[in-house]
Amino acid sequence: MDHFPTNWGRPNYNTFDAHATYPLHVHPQPSSSADGVQHTQQPIVTGTSVLALKYKDGIMLAADNLASYGSLARFKGVQRLQAVGDYTIIGASGDMADFQYLQYILDNLIISEEINPQDGHKLGPSEVHEYLSQLLYARRSRMNPLWNSVLVGGFRDGQRFLAYVDLLGTTYKASTLATGYGAYIAQPLLRKAVEGKEDTLTEDEARKIMEDCLRVLFYRDARSINQYQIATISAAGASISGSLKLETSWGFAEGIRGYGGQTQ
Amino acid sequence: MPDMSVLAGPQQHQFNPYAENGGTILAIAGADFTVVAGDTRQSEGYSIQTRYAPKVFRLTDRAVLAVNGFAADGNMFVKKVKQRLEWYRHAHAKDMPLRAIARLIQTMLYAQRFFPYYVYNILGGIEEDGSGAVYSFDPVGSYEREACRAAGAAQSLVQPFLDNQIYFKNQTAAPGQSHPTHLPLSDVLSIVIDSFTSATERHIEVGDGLEIYIVLAKGRSLQGVEGLRGLREMSSREDGERVFVLQRELKKD
Amino acid sequence: MRYQSHDVDEFAHVRIASYWPRRVSAVGTRVQPSVLSTPSPPPLFSMFRNTYDSDNTVFSPQGRLHQVEYALEAVKQGSAAVGLRSKTHAVLLALKRSTGELASYQQKMIRIDDHVGIAIAGLTSDARVLSNFMRQQAMSSRMTFNRPVPVNRLVSTIADKAQVNTQEYGRRPYGVGFLVIGQDHTGPHLYEFSPSGTSFEYYAISIGARSQSAKTYLEKHYESFADSNLEDLIRHGLHALRETLQQDKELTINNTSIGIIGPKGPHEKVVSEEGSFRILEGEPIDVYLKTMEAKAAPEAAAPPPAVGDEDVQMAE
């Protein structure tokens, strides 16, 4: 998983702007549309990692509240976790406009599939995930992708559900998942903390693991911020916390020697 | 400071609708059985996305399809093949024969000739004459019936091994003897498992788990299959061809 | 609801009424006596049995759509089908006709998906079109949501489709009725679909020729169905279906079809774990036919069948 949404779905191209430090609209566009309509696009305002894990009672998801514009921390109060129906929570990284469009689509889906019929046939997490996968795959097949990586967590009929889908329509399931930079930094930590303990981890323990991962991400991911939300979905239903603040300590920086601006 | 000189020339930053998700698949046909196997790791680059994503699917009681390449295309392709087979069942009240499924797959792949499914398919199963068969495909539909085939990330590691062990390439039979045309099931299973443990050892995209589908011809005795550890039956009836799946662990590093 | 036939004279007046300015009574559209004295219609019109029936988008003065009612008649022309439901199973039983010694028996049941099947009465060709549509709906649900389509939604969809044909100019209603059985996470279900565009859920129901006799049987016994096992449910179904036969006919392995949804019964060999829809025909149903109890001797003479409700001649 590439840390930079700008690079998702593209061939590796490291000679240009390898660290995504330039505003995204500066990125070179494909030359003018002389040879037809160009759907090709790039993410503009982006969210970074989303994390999720299975614990004893259900699924926990976490994401910070930042939407970046290139390297600019543009919007600092964005919610990237969203409940879909009664049994599902999704979390998205990548383009925030595309994510909001996804939310609009899913809201309408819930209206047409649950609220209008009122026949008790509600959409569970696996249905929502399949629908999203079909949608994203169809868009990529039209070469007009929705530039997101989405985690779908849910709980229904005593079953936990956790799966991934991205702008290519690629899907997979696992007991811990992370998008973006989190796939490199948080996923190993999550696997170590969760694998084999999915049925014993308590909510408090899971929350601690999430906070630790988010903290490491905040230390290392330049597109992250120390405000975040945590969502749980369990037999008790879906709940998304308010915006929380990460406790961080930078005292260790004093002890670091060997690079940077120290004079000694 | 990034090299801005590249901005001077025309740039191609096109959306790439494909990914390569690693893994390897393999199928071997016997006289009256076929074995189709795949590892269960799904990866992109150096990241393991999941340790369990099946690449081998039961289509009917006598046909099993393995898909390898771009996972999203693979899953979609399998789903579409399954729906075509369901329509065939509706129309004819029976399962589609293996060779017909093979041709169907070629047609469906070639229909996407200019925006291909980036998927290597291997179809294995039992023909109407009761023989084991393997069909292998390229992403745009070229196909042929073979006795064995490996595809995917570790194709270049596994196929030469199969050539040697199944086709007896570079082996000389003992004087007055000839190589067998078909191996017994127990030998084939050993070759399959060895192929994957070896590929796991030498290829970073192969590992985690192994799923082996075994299709037995109608009326063939189980001959030891029933004793295998972790065997699950997938067939819908006991008086026709029978499908079993066997799961094994592979190294996860 | 039963369609009532009218004699020609009465409708001749009504028809004329539409050509002459007329007064309409306050409560309805009954024609006023003053109009009844108008001259008889030209001979050409007398070939019609009825009027307000050549176009399904026009109401009769009685507020009825005759084409729709004729479509319901087409359902009654078809051989009978019976459906029953318990807490665990839903079953269909249907009587297959053969047009003669040399002909095969008509297909009466169609599999829609693993979890849905139907029995038909009426125009088989219309049934094929509608069942094909149902199959598409079922497949599309599996494609987009990876979910078996909820049975009630499937039935509502075809009911909506049928309704369009009762309202749009230049169409004709479907000439076929369905009994639909299926299961989803709310359990087994039984629905009736009719060409008028309605669908209802039932504990037990019958459609087709002489289905009223089967209904009478079902109404008498339905309270025991909910807790019945599969064998008893089928036995009740066979008894009900038998009521639709002509005097000298009986149910055989050749003229009976049984459709089942729900867990495997003791007489069944191969059934998927989910209890998918399966159709039993021929030899496998013999064991069920044998469980039937002999029919009680008919008390007095049976009432004469209503007009338009007679069965066609059945082959042996």
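In order of appearance the chains are A, B and C, and numbering begins at 1 in each one.
Definition applied: a residue touches a chain if its C-beta (ideal position, glycine included) is under 8 Å from a C-beta of that chain, and two chains touch if they have at least 3 such contacts.
None of these values were measured; they are calculated from a predicted model.
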item: Given chain A and chain C, the chains that contact each of them; value: B
item: Innermost chain, taking as reference the mean of every protein Cα atom displayed; value: B
item: Greatest separation from chain A - chain, by CA centre; value: C
item: Centroid spacing, where centroids are CA-atom means, of chain A and chain C in whole angstrom; value: 52
item: Separation of chain B from chain C, taking each centre as the mean of its C-alpha atoms, in whole Å; value: 48
item: Distance between chain centroids, defined by C-alpha means - chain A, chain B (Å); value: 32
item: Multi-chain contact residues (two or more partners), chain A; value: none
item: Shared-contact residues (touching 2 or more other chains) in chain C; value: 143
item: Partner chain A, residues of chain B touching it in the complex; value: 2-3, 6-7, 10-19, 21, 42, 44-45, 47, 49-53, 70-72, 75-76, 115
item: Chain A to chain C touching residues, read off their complex; value: 117, 119-121, 123, 126-127, 130-131, 134, 157
item: Chain B-touching residues of chain C, taken from the complex the two chains share; value: 111, 135, 139, 142-143, 270, 272
item: Residues of chain A touching chain B in the complex; value: 1, 9-11, 13, 15-19, 21-22, 27-31, 39-42, 133, 137, 140-141, 143, 145, 164, 168-174, 183-184, 187
item: Interfacial residue positions of chain B with respect to chain C in the complex; value: 79, 83, 86-87, 90, 236-239
